[in-house]
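To keep things simple, chains are lettered A, B and C as they appear, and every chain counts its residues starting from 1.
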Amino acid sequence: MSASPDFSRNFTDPRALKSFILSTITVGCAILACIPLFSVLAMLILRGGRRFSLELFTSLPPTAFDSGGGFGNAIVGTVVMVGIASLIAVPFGIIGAIYLAEFGPHTRIATVARFCAKTMTGIPSILAGVFAYSVVVMVTGTYSAVAGGIALSLLMLPTVMLTAEEAIQMVPAIMREAAVGMGCTPTQAMWKVVLPKAMPGIITGVMLAIARAAGETAPLLFTALFSDYWMFQGGAGDLMEPTASLAVLIYNFSGMPFENQIQLAWAASLVLVLMVFTLNILSRLIGQRKK
Amino acid sequence: MSTPQSAATTDEVVIDCRVNKIFYGNFLAVRDSHVPILKNKITGFIGPSGCGKSTVLKSINRMNDLVRSFRFEGEIRFEGQDLYAKNVDPVTVRRYIGMVFQQPNPFSMSIYENVAFGLRLARYKGDYDARVEEALKGAALWDEVKDKLKNNGMSLSGGQQQRLCIARAIATRPPVILMDEPASALDPIATRQIEELMVELKKDYTVAIVTHNMQQALRVADKTAFFAVDISRGGRTGYLVEMGDTRELFENPREALTREYLSGEFS
Amino acid sequence: MAARKTDQAQPGSTSACRPPTTLDTLVDRTFRGLTLCFAWLTLLLIIYIFWRIGGTAIPAMHKFGISFLTSTDWDPGQGRFGILPEIWGTLYSSLLALFGGGIFGVAIAVFLTQDFLPHNVTVVLKSIIELLAAIPSVVYGLWGIFVLIPLIRPLADWLHLHLGWLPFFSTSLSGPGLFPAALVLSIMILPTVAAISQDALAAIPAKIREAAFGMGATRWESILRVFLPTASGGIFGALVLGFGRALGETMALAMLVGNSNQLTLSLFSPANTLAALLALNFPEASDYEVRVLMYAAVVLLVITFLVNVAGQLIITATLRTGGSK
């Protein structure tokens, strides 16, 4: 027997074989996991792209046996409701995050609030709808854009708050020291130095939250309901009327037995996914630029 | 051990810093040190790293209040008032005692706005341009940046950034300026410029500077305080070994520990 | 002495040092108070959500009590309500999804963190997984109806024909059902599981990696014997959070699960879940029925809340001990 070990690779060795098999399985899993994404994208482009035209954005949804039509009102409705949600969630989230990250990071209430926000990220979106239903719809007696916006804001809030907290914490200590050393009050240091520096990170979080809210359906089903008409025909009072959204339109049309509606559901999905991806990619670009 | 030099009695003490104990949590970082800081003089703090030089310096303008576990026992009198008295607002303290940090930390705004920052905080009503120019000249930076005042402060080189930070600190003409190893992140040429600048500043300001570099202390400081770490009682507690005229301390130290340190036997 | 503060011998202008103005101090106090208020509001909001949903459900809770959870009828006409099939459907579909999404999610996390690929390919793959999470669930639902169900029907038919004696395959897939719903669910929770597991695997200290490879372990021996056990706490937390997501997911299920009120083991039969029940019945519910649905919402809220808190605690705890080891 030779004393010198054999260092050359040996692929029939059971250890190497096992490694090879496991690696192959892992690669298989990764590839398999990418298939749904490409399949969804392919279908959106093939089936949604076919219907893509200006009419989609300028027309109202068709009735049962109509041909043509679009979902202009649903796009407006989605934008309006996400806007309402942002108006609530963005200031709330950022101001709360300032406390969590800067003014009282180690206090008990900060720990509790942080935990609440993390837990809120896991609350099912439909329960946000149930909550808004009981707080707004049951009180005002009508489905409305406001109710939908409030439901969406609950889903945006934790994302905005937690990412803003992280972004503020990431501001280097030397920037903060510089501001405090100049004699800034904590508030001045925050507004003049820390927030501007944290802004790209905060915006990233806000855009991710908006992207998520724009695609949400469940919380709108019984808060905003749907509408076949344009918003704001009756002025700002329409905010208290049932409101269309892209997501609910897709859901409604997906169950209809008419080819026209199903095509529109695909086209609306394409528009929605384009909106969501654009926001995602933009937020990522902004997030990268800060580094 | 920490008797201040009695020869300095004719000089006016601007800040009389008497530390009994400084804690970070349960850790006793500095004990029993008395450092008087004289008007229009440069006071140098030297000593091995971790001996609490920065801790004492940052206590003077209450920067350490940012550290949650920080606790100060003793008193620091600025023209007679105790800066750690209950009714003292640390924000106000920092407006009168400026600070320059180890890492240059200009704000991400224009050079002009960096320098005007303190003026705006103080809601200064006079001529901003004149003040900014004066401060930049005072920091020996004017000639290099006068044509690009709108550029971002972060676009300057390291040495220029540090001089910008000095300009920012002196724009409101605070009576005292603290510097924590202001040249340690810079190359030798930039270091030389900062050192020359400090000697210039002495005419108008009272300066306290921490330095790791003994040659630097010898070149710029009028008075020098030597700190060391006392490991005898289990902890690593810093304390003032001796303080005196810089030449005197370097040429003829009273404590054996100081001599050992200056001759490079430990660092 | 204090009076001479500002008139040092300065050739230039005088000191512009000023204490913060009363206004500045006031603004500072107010703003800090405001941020504290919002931190409190976060807590109060959670409490209010529970109180509001729970409060609306109380009449129904009194009326139906525990039998609401154990009965299988849902008949508004007769005033008989029970959500056992929905609870079962929720748990069953989520467990199935956890099985699929968990295996794939962890495999992908291993794949992305253990240097299988050049750096830039890893980045691309990571982005793809993140985009997978960005697609709205209603779009997955649409895709499930028109792509997935027709695609798996032959497979389902074959399984039913040949393995029909197994309870899992005891019915044939007539369209919507548990299997397509769980499949889409697992795609939806995969990114969650993958992302959190990646964090856990990436948090393994370099010295442990070096120790493993230094012992002469192959890549997979290191992964299976050292890295996965080290990161097991974080991965477990990832699975729990993924499970929580699956429990609350609504649209994919409302569109794919078939909304049939039955207790079944069969993967191919239609079923129902709590979230889907709410989504389908709320819009047209009478005032009375709304209160009953609120009871179902409370059940869903409690289940998901507990699962999420558990997941959150596991992750926080393992991150803490992971650092000190």
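A few notes on this one:
The criterion applied here is as follows: a contact is a pair of C-beta atoms (placed from the backbone, for glycine too) under 8 Å apart; a residue touches a chain by one contact, two chains touch by 3 or more.
Quick caveat, the model's predicted, so the values are computed rather than measured.
Shown here, the protein chains touch in all possible pairs.
Inter-chain contacts peak for the pair A-C, counting C-beta pairs in contact.
With centres set at the average Cα position, the gap from chain A to chain C is 14 Å. Our note on geometry: chain B versus chain C, Cα centroid distance of 52 Å, whole angstroms.
Centroids of chain A and chain B (each the mean of its C-alpha atoms) stand 49 Å apart. Residues of chain C in contact with at least two other chains: 20, 25. Among the residues of chain A, those touching two or more other chains are numbered 183, 185, 188. Counting partner chains per residue, chain B has residues 91-92, 95, 118, 121-122 touching two or more of them. Contact residues of chain C toward chain B in the complex are 1-2, 4-6, 8-21, 25. Contact residues on chain C toward chain A in their complex (touch as defined above): 20, 24-25, 27-28, 31-32, 34-36, 38-43, 45-46, 49, 52-53, 56, 103-104, 107-108, 110-111, 116, 125, 127-132, 134-143, 145-147, 187, 190, 218-221, 224, 241, 244-245, 247-251, 254-255, 275, 278-279, 282-283, 290, 293-294, 297, 300-301, 304-305, 307-309, 311-312. On the side of chain B, the complex with chain A involves touching residues 61, 63, 66, 68, 91-92, 94-95, 98-99, 101, 103, 105-108, 117-118, 121-122, 165, 168-169.
Every residue of chain A that touches chain C in the complex is listed here, in rising order: 15-16, 18-19, 22-23, 25-27, 29-30, 32-34, 36-37, 39-40, 43-44, 47, 92, 95-96, 98-100, 103-104, 109-110, 112-113, 115-120, 122-127, 129-131, 133-135, 138, 154, 157, 161, 183, 185-188, 190, 211-212, 214-218, 221-222, 225, 247, 250-251, 254-255, 262, 265-266, 269, 272-273, 276-277, 280, 284. Within the complex, the chain B residues that touch chain C are 39-40, 79-81, 89, 91-92, 95-96, 118-119, 121-124, 126, 130-131, 134, 138, 171-175, 203-205.
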